[in-house]
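The same chain A turns up in both complexes below, where it pairs with chain B and then with chain C.
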Partner chain A sequence: MQKFFFLLAVILLVGGTVNAQKYFTRAGKVTFTSEAPVEKIEAVNQSATAILDTESSRMEFAILIKAFQFEKALMQEHFNENYMESSTYPKATFKGQIDDATAVNWGKDGSYPVTVSGDMTIHGVTQKLTAPGTITIKEGSIAAQSTFTVAVADYGIEIPSVVAENIAKEVTIAVDVQLAQLNK
Partner chain B sequence: MKNWIILLIFCCFGWSAYSQDDLLGLLGEEETTDYATAAFKTNRVINLHSLESTAAGVLDIKISHRFGMLNRGAYDLFGLDNATIRIGADYGITNRLTVGFGRSSYEKTLDGFVKYKFLRQSSGKKVMPITAALFASTAVQGLRWANPDRENYFSSRLTYTYQLIFGRKFSDNFSLQFSPTVVHRNLVKFSIEANDVYAAAMATRIKLTKRMAINAEYVYVLPDQLVPGYRNSLSIGFDIETGGHVFQLHFTNSTSMIEKGFVTETSGDWLDGGIHFGFNVSRVFTVHKPRH
Partner chain C sequence: MKNIIKYGLLLAVIGAGIGVYLWNKPHENMDRAKTDVQISAGELFTAFAENEAQANEIYLDKVIAVTGKVREVSKSPEGLVKVTLDSGDEMFGVICQLDELSEHQRTEFQPGESVMLKGKCTGMLMDVVLVRCVEVK
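Our next item is the complex of A and B:
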């Protein structure tokens, strides 16, 4: 009897760790593009944190706003100081899941189109977001890409009328992450 | 037997808790260093250099104006009929090293400076409570010799300023800085004047809105160095930011816009209307784009 429980415990422990496969990165790339009549503004963040649980199909992202690099130093300063208020709201996060969990065969190499939905938090404001993306599995590593737009006003970010021609009301966010297995 | 059941329950429970937990929490917080930015809107407070540098690859063209003194009365339209000007350019060689030069109409002076930020205020992984910079400038006075018949030396035209600038952005809305200063003048008019003038300067910024701030600065010159009649420089102003420009509007009792002038040659008396209305306009150009 004791043996039985011991075995059960071992199976559960081992089974638990085997099934709960998690993949992560701390060097994900997130690009922000604003295309307005007068000006195109682009910024890149190369240090996005992302984690994916293949068992539950849950995905979470976190990025530091200050890590966005702009071409012009003044734009970067304005982005942080005037729009994102990054000292008050240092991070943007996304917590969601792949809608159709059966869409991806995690054990098989291939490229799988998916839809991801969840909660996006930017500038301290949380909104529901659904975005199309692609999961690519190749030799045990997982890559994820997605491009979507967000309306700046939805997240409580004001654009003064003076610069309305310079900053787009909807900005494009492109996410590109290469995930490696998390050993825990 | 009992122990095994407890272990079993613990395993099941522990396992489910593990997978329910928020995923990002599993990775833990990666500690990063957060550098304070934009303690002041530009690299000048009003006349004084602020602790800010010009960003690498950025050219900052500055046009500064001081009208005549308010106490000149209606005949001179309260000073607006007269103006002194400085046109200058600053360039960021790196994010820490700024160089610049300018030409002032006041005493036809050419000036050049180097500023190096050696400490950056930061929090997080690396904690540094203050930002600090070293500043050095040279000014060449360009007036015709007052007495061309005697032997005049070029070195007599030169003045040097050395400054240690240190300060802190206490909050998004409040920044404060101090700058011990020494101005060396190769030639002075009177023997009672000091060649090396020691001063302590202080400046602050209070941000009112995202695009507007109040600035104030005061330069205290240690006693018995200047001839009577010269005063400490006091300036109060507004910064207004509009995209690529920063407009600084202010009132100051100093005519000159460079260190040797406003530290050692300020003559206006605030209480007597000896105040100039003035402005600095700064426009930045990204000359060299940083690589991602």
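Our next item is the complex of A and C:
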């Protein structure tokens, strides 16, 4: 069933064109940073999936919330149980596209600044998101980086006032993926 | 009166001690972690592929000892090792991310060899993903 949805996603991304090029990774890195007056909290997830279709400039990302590793066990527990409720909402996803499809010359090595817009779903809540990023093409592989902020309140995540000084209202998300061409 | 102050102080010290302990509580030691479920990579993958919501209820956050044949091993630039176990599915498997906080007897695995890895189940994207894995001998 999972494969069916994956193939469906690939087909939808292809949009009917025959020579479309799809790039994929299952080892993307997503870093979450909360910088509040009292403390800085950072967590890393190294198993994000990403699919990019260079023909349509569409892309999809998905991560498992429980795969974020924190330095402190207590913070990881609170993050999962109190804020993200990751047993109920195990995934976060982003589905979108590069705004200006001509911004990247997929056939030529180089580093291209882009803006990506789409739907971000976190904690079961979907919001429109636009983020700046960089696409780097080198010898047939594609790297994508982006750093943006999200307001936790936008995704229905409540921070109790007792820890308001410890957790930022806007957290920074950094995405770093190396994509390889999908042979299927 | 003296006793009240004495016990009050004692309680405050205990409370502060618990607070400090919780704050600095270490991550669970995966070598010693009790296995909740032992299952083959194929069965685990099938459980998620067939009914993800139900599999999430059963396996999320559980310490799972998963057995299977190594399909692929990768190492990130930061040194994180991932062992993908064959699930019977052509494209996707069970990815076991080796624990960065544990000492490992080895981090080299050969494609085709049978292993048992124990880790925490985080769910399924395209593959089922286990983090903080250690090898079970």
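Following the convention adopted for this analysis, the second predicted complex is superposed on the first by the 166 of 184 C-alpha atoms of A that agree within 3 Å, B and C clash if a C-alpha of one lies under 4 Å from a C-alpha of the other, contacts with A are read in each partner's own complex, and residues count from 1 in each chain.
Basically, a contact is a pair of C-beta atoms (placed from the backbone, for glycine too) under 8 Å apart; a residue touches a chain by one contact, two chains touch by 3 or more.
Computed from a prediction, not measured in an experiment: that's the story for all the values here.
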Look at where chain B and chain C land on chain A after superposing the complexes, then choose clash or fit. clash
Scan A:22 for contacts with chain B and chain C and give back first, second, both or neither. first
In the superposed arrangement, which partner chain does A:74 touch: chain B (first), chain C (second), both, or neither? both
Examine A:123 and indicate which partner it touches, taking first as chain B and second as chain C; both and neither are also allowed. neither
Kindly classify A:63 by the partners it touches after superposition: chain B alone (first), chain C alone (second), both, or neither? second
According to the contact criterion defined above, which of chain B and chain C contacts more residues of chain A? B
Have a look at 113-121, 185-193 or 203-211 and say which bit of chain B overlaps chain C after the superposition. 113-121
Dual-contact residues of chain A, meaning touching chain B and chain C, are 1-2, 6, 26, 46, 49, 62, 64, 66-67, 69, 72-74, 87, 90, 184
Contact set on chain A toward chain C in their complex: 1-3, 6, 26-27, 29, 46-49, 62-67, 69, 72-74, 76, 86-87, 90-91, 184
Taking the complex as given, what residues does chain C use to touch chain A? 22-28, 48-50, 52, 56, 60-61, 74, 76, 78, 80, 82, 89-92, 95, 97, 100, 120, 122-127, 129, 131-132
Parts of chain A lying in touch with chain B, wherever the complex brings them together: 1-2, 5-6, 8-9, 12-13, 16, 20, 22, 24, 26, 44, 46, 49, 51-53, 55-56, 58-60, 62, 64, 66-67, 69, 71-74, 77-78, 80-82, 87-88, 90, 93, 95, 160, 162-163, 166, 182, 184
For the complex, which residues does chain B have touching chain A? 1, 4-5, 7-8, 11-12, 15, 18-19, 22-24, 26-27, 30, 32, 34, 37-38, 55-58, 92, 172, 210-211, 242-244, 284, 286, 289-290, 292
